[in-house]
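Here come two complexes built around chain A, the first alongside chain B, the second alongside chain C.
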Partner chain A sequence: MTEQGHEHKRRSPADWWLFVVGLVLFSAIGWVVTPAIIYAEKPQPLNFNHKLHGPDGDAGKSCEDCHSFRDDGSFAGIPRVESCLECHEEVMGETPDEKKLVEVYIKGKKPIPWRVYAKQPPCVYFSHAAHVKNAGMECTECHGDHGTTEKLRPYQENRLTGYSRDIWGWAIHGWADPPERMKMDDCADCHRENGVREACFVCHK
Partner chain B sequence: MDWDRRAFVKFAVGGVTGLHLSPLVWKLMDDVSIWTQNWSWVPNPADGALAKANSFNPATGTAVKVRLINSRIIPKDAYNPDGKAPRTRAIRVEGNPEYPLGLGIGGVVPQDASALQNAYLGDVRVKAPMVLDKTTGVYKEISWGAAIDMVAGKLAQLKKADQAQRVVAFGDNPDNTTGQILKAFMAAYGSPNLAFAPRAEDTLALAAGLMLSQPEIGFDLLGAKYILSLGTPLLEGFGAPVAVRAAFTKWRQGGAKLVQVEDRASVTASQAAKWVACAPGSQGVLALAMCQVLLAKGLAAEGSLNGLDDFKALVDSKFTPKAAAHATGLKPVAIEALAVEFGQAKQAVAVCGPGPGNEPGRLGDFMAVLALNALKGNLGKPGGVVVRGALPLKPLAAPAGASAAGLKGAARYAGHSNPLTMAAAALAGDPYKPKMAIIAGANPAYRGPQAGTFAKMLRQVPFVVAISSYLDESATLADLLLPAGTFLESWGDAVTPYGQAQASYGLHKPLLKIQPKSKAVGDALLMLAAKLGGEVAAALPYKSMAEALKARLGDGFKKVAEKGWWVQEKVSYGFNGSVDLQAATIAKSLGHQAASHGHSLTLAAVPSLRTCNNSEPITPHMIKILTDDTLRFKDQTVVEINPETAKHLHLHDGDLVTVDSTEGGFQARVKFFAGARPGMLYMPVGLGHTAFGFYRRGRGGNYNAVAKAEADAVTGLPVWGLTPVHVRKV
Partner chain C sequence: MPVATGEHLYGMVIDVDKCTGCGACSVACMSENNIGTLPDETDKIRSITWLRVYQIDNGRPYPDTEVAFFPRPCMHCGGSWGGFFQQDADPEGHHTPCVSVCPATATDYDDETGIVSQIPTRCIGCRYCVAACPYHARYFNWYDVPWPGGLEQSLSPYVAPRMRGVVEKCTFCYHRYQQARDKEFAGGEFGEMDYQTACTEACPSGAITFGDLNNPEHQVSKLLRQRHKHAFRLLERLGTNPKVYYMTKREWVRKRADNYLPGEKIHRFAVGS
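Entry: the complex of A and B
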């Protein structure tokens, strides 16, 4: 039997730096790349200036004027193009978005294919009437300052689930509270804090 | 530093650890789990214009509005950009606030609120006509034409062989148009063997017919200031529950007094001003003892009552408070005090029946309560017993004269007024075995009475046709299945609910086609009649159920179809008929007491709006709202027992027991309940399906399968409110 003749080489500390480099590099890649891999940015059909339409703007409307409740108490959501028609029968301003609204959607009698930031999965039953009318919550508690923005922010769609990024929240680590996030845990937390029943079937019918 | 294998591994491990410190993996895991949630079908109704259509739920007697989206009843000028035919979908059933008997509240019961689930749960719906291949046990889809040909062929063959009477039929309700069509069909075909689900309406109509010569009577609950409920589950499904709840609200607001006489501390008892805990099944005896007090103390109303002397003799001899004390378990002074309070109260009414599950009840009990009302002098008065107006309906075209000849010589099964004795006779082949059974929109193999007897009979009949919306307990025993529409999908009607003071009528129309091949039960019978030709076709000259309803309602059809209901404008006060107290009949009916056969306990059912027990099954949503006090561990029936009784039987709270009667048994959890009468056992009614898929099958026991029915001594109708049982700890 001959000796192997191998002497254990002394490893330099640089080897362990490689571990640290890998850790930092891939962690950074993960943080940066995750949103790009998971979410696809999709354009809104046209820009909408909430500030201009809102109470302090030219139109001087309140949230409820356009995002109204129907006579039966159900929430109408995003206004239909007929609501826009009340004022925008003809182009009033100079923005290309308004021009598009009037020419393409109002005159073309087409509904505007808005992408809804706060749209919950179909298995969730959410009643605006119960929260706004009965519980007296403000729109901003869930929707933040959306009603005072001048430009619609980008809409990001989850490539896997098809849901809006607003549900998980814009903080990619997911540690946030409404209005930055609209996950089931947020609903449950608020129900628990306010002594409202949080059984599954309250929301999942 | 060398870039060797070890260095690479260090770098890679660092990289993987680094990735795990980023949100990538965790976020992806969350997304993948959400993504997989969408693999199975998730109801995702498209948002769209909303419309409401009026309808009527015949099972609950509730006038409803059905919310439809993408509706075909959108106004024509509505915004409809793509011009595609809108797809209608119902998203909610809500109460109709315009319904006058709901007093503008527009409420619903859980069965209405979750009715869409029954309609949309596709795995338990009969989707197409299907015939059973007896060699493989598999159903094969066939066309409607082929199915009707098959049934008509068999019917014609039996008729030709002079065996028409060997066709037996079971229907749900004899008074609605479907029931009338079935009656006309069987009469013209020539078989007398037709039975409907036994109901308290029949007993009340018989009692009122005998005593007041007016079968159509009701209790003026809205006008009453003092309500004595003799075992009536007023708040647990009596009559049309929404209308009764509205009356209850009015009592509360107007200071009316409700006294509940019942063996168990029920929901109604808990809401009443006073609960009188009498022995089970002794309400009739109590009513007679109260009559005795009214007569003895001169509190009875003056007026001519036929047979008063006989009645007096009967109550004085057998039903004095002292004599009734044993049967009712009440002290004579308590009976006297109750009678005096009732006698002196203004606008007071005594209400009777129905038992849980709309059990017909004993004729004597109903007659005793009517006698109490007659002695109180409230007949035809506000807050009393009133005669209902007529419905705005014409009868169906009279069966052709030849049909009587068809029935000649066709022997009925014994006790034909009782579907149970009919089924038992058919089972025994006395005097013959049936060759064919038609189940038209009913489920006797679940609802019974003695559901097991029906199931056994259906298994023995060579050819069973079931016209059913669901693959229910009866349909799963059928050789040929015909898909029936639910009330949302088909034409149909409902007549005045039990005991209601004003006559009312409900009409439902097809709002959507959830199962495109389904037809109304009446439509299937009319198709069959047309195919058979001859007398049967002549007796039923309607092309469709809609046409039959149009013919019955005449000019009023359009208006009723739009609104979904018709209600008699006002309660018709005034009673000018004669009253016959019929003491002998009362004594005969009450004289018969069921023997307990040495069983240790008596089982009774507890009705509830949460579990329901009518022509429609409980929905999965309703099972979800049941607490552990009704259904434990998702599938075990809870039986209530008085702690004292349990002590004698060495039972503890939460024990698992088997409950056995002569008809069947089930396992249950014991729950101590001080409101349960000693010696009694109470179970919920409306559970324990053996069909209806994953969410409903095997959830608890079925009272109707365990109950032992006895025939009423006078009417012959089955009575199954109290069943002797043995309880054994597992």
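Entry: the complex of A and C
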């Protein structure tokens, strides 16, 4: 009896090493390889320097100067190339991006095919007017420091859905501030905190 | 007179005596809400019409034959939520039939507008709601809409297109409410005409009136107050408390709108009995 059961097998150092190697290997697959498989990094047509255009930059514009509301309360989003034309009729600086803007898009009279980080599926209704005009929120509360960056972030497209990684979130744990995610739960959390009604048709259409 | 607790109570009044059965409301609805043409539209059981026009007749032979038409959107049943008349809300606490059976919470009753939503992306396609709806207002997508010849380019961006395997229904053109609210937030005014359904706008004889039943200034409230003797709803005794009111002066039309026994007298407010 004493020789058969209950004998505690001691783990050798090799066992522990195997455990550590396995943990590291599979964590790496989960955190690095899987996103690389799911998301395809796609370039923006040209870089846009928000800092240079913003209030502290050379152009000295505010967010609303380019990202404006229409009279009917709808949000214009990314400005059209006509707005760029107001200043960039000729090349003003030395960057290749500006040269491309002027020569390809302004002179060619083509819209810039921006890849939109915030593009949501068609069932989602988001109203900028409700958040900015009615609730009085600042742009930075959701968009963070996007307005003062010098480079556009990489755009990663989900190969299955075709939507940006921003929807699912870069920080999967959601601890970042602003949360960097645009999932339904993120909308619902904030709505719940601020006492906004939770009917489906508030955010769906 | 209204007893609702919410801010708005959107509803519709349809004058059956004015309706000619032309179907313009139905067409306008399909175009507004991205409803497509299915591969086989002769299969009427599976075709989708958020607003269908039903025809009834008085069942009498030729010289005395009369017909009436019932445009039938979703009734946006309020259950025990308030209706226009004091007696409308069901004292026995009935509920919106489709909402109470949905296992996925893909449909809910919005107490601010009184509108029953339908979220196709959340729908699992079990069709309990289709079975529960006494008005046949809910439709199941048996097929993906083919959108031939680049027709998907003409889809309205304000209404999400649906896929095969989910249920859809009339939303009282809710996207127009959203747009009207945006306009209000931007400093404009949210008037009665800023939120009207597509069918209301399309009706050439003015049979459909849409508005806020809670607002005494709105045409729907005025109509119901002036002509409450002619007003009724479909299958009222189920206690579903619909927000689509019909109006007629013809007694036989009234009788065909609910399951009256032969010789039974019309009693408007016997809800739930």
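Everything that follows uses one rule, which is that the second predicted complex is superposed on the first by the 173 of 205 C-alpha atoms of A that agree within 3 Å, B and C clash if a C-alpha of one lies under 4 Å from a C-alpha of the other, contacts with A are read in each partner's own complex, and residues count from 1 in each chain.
The rule we apply is simple: contacts are C-beta pairs under 8 Å (C-beta built on N, C-alpha and C of every residue); 3 or more make two chains touch, one makes a residue touch a chain.
Note that this is a predicted model, so its numbers are computed, not measured.
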{"item": "Partner chain in contact with A:Val33 - chain B first, chain C second, else both or neither", "value": "first"}
{"item": "First, second, both or neither for A:Ala130, with chain B first and chain C second", "value": "second"}
{"item": "Chain B versus chain C as contact partner of A:Pro121, first or second or both or neither", "value": "both"}
{"item": "Touched partner set for A:Ser74, first chain B, second chain C, both or neither", "value": "both"}
{"item": "Touched chain A residues, chain B compared with chain C", "value": "B"}
{"item": "Chain B versus chain C as contact partner of A:Phe201, first or second or both or neither", "value": "both"}
{"item": "Chain B and chain C contact sites that coincide on chain A, given as residue numbers", "value": "70, 72, 74, 121-123, 201, 205"}
{"item": "Chain A - residues contacting chain C, complex", "value": "69-74, 121-123, 125, 127, 129-130, 133-134, 197, 199-202, 204-205"}
{"item": "Complex interface listing, chain C residues touching chain A", "value": "105-113, 115, 117, 119-122, 157-161, 171, 174-175, 178-179, 181-188"}
{"item": "Touch list for chain B against partner chain A, complex", "value": "1, 6-7, 10-19, 21-28, 30-32, 34-35, 37-38, 42-44, 47, 50, 52, 67, 79, 81, 621, 624"}
{"item": "Complex contacts: residues of chain A adjacent to chain B", "value": "11-12, 14-16, 18-31, 33-34, 37-38, 70, 72, 74, 77, 80-82, 109-111, 121-123, 158, 160-161, 163, 168, 172-174, 201, 205"}
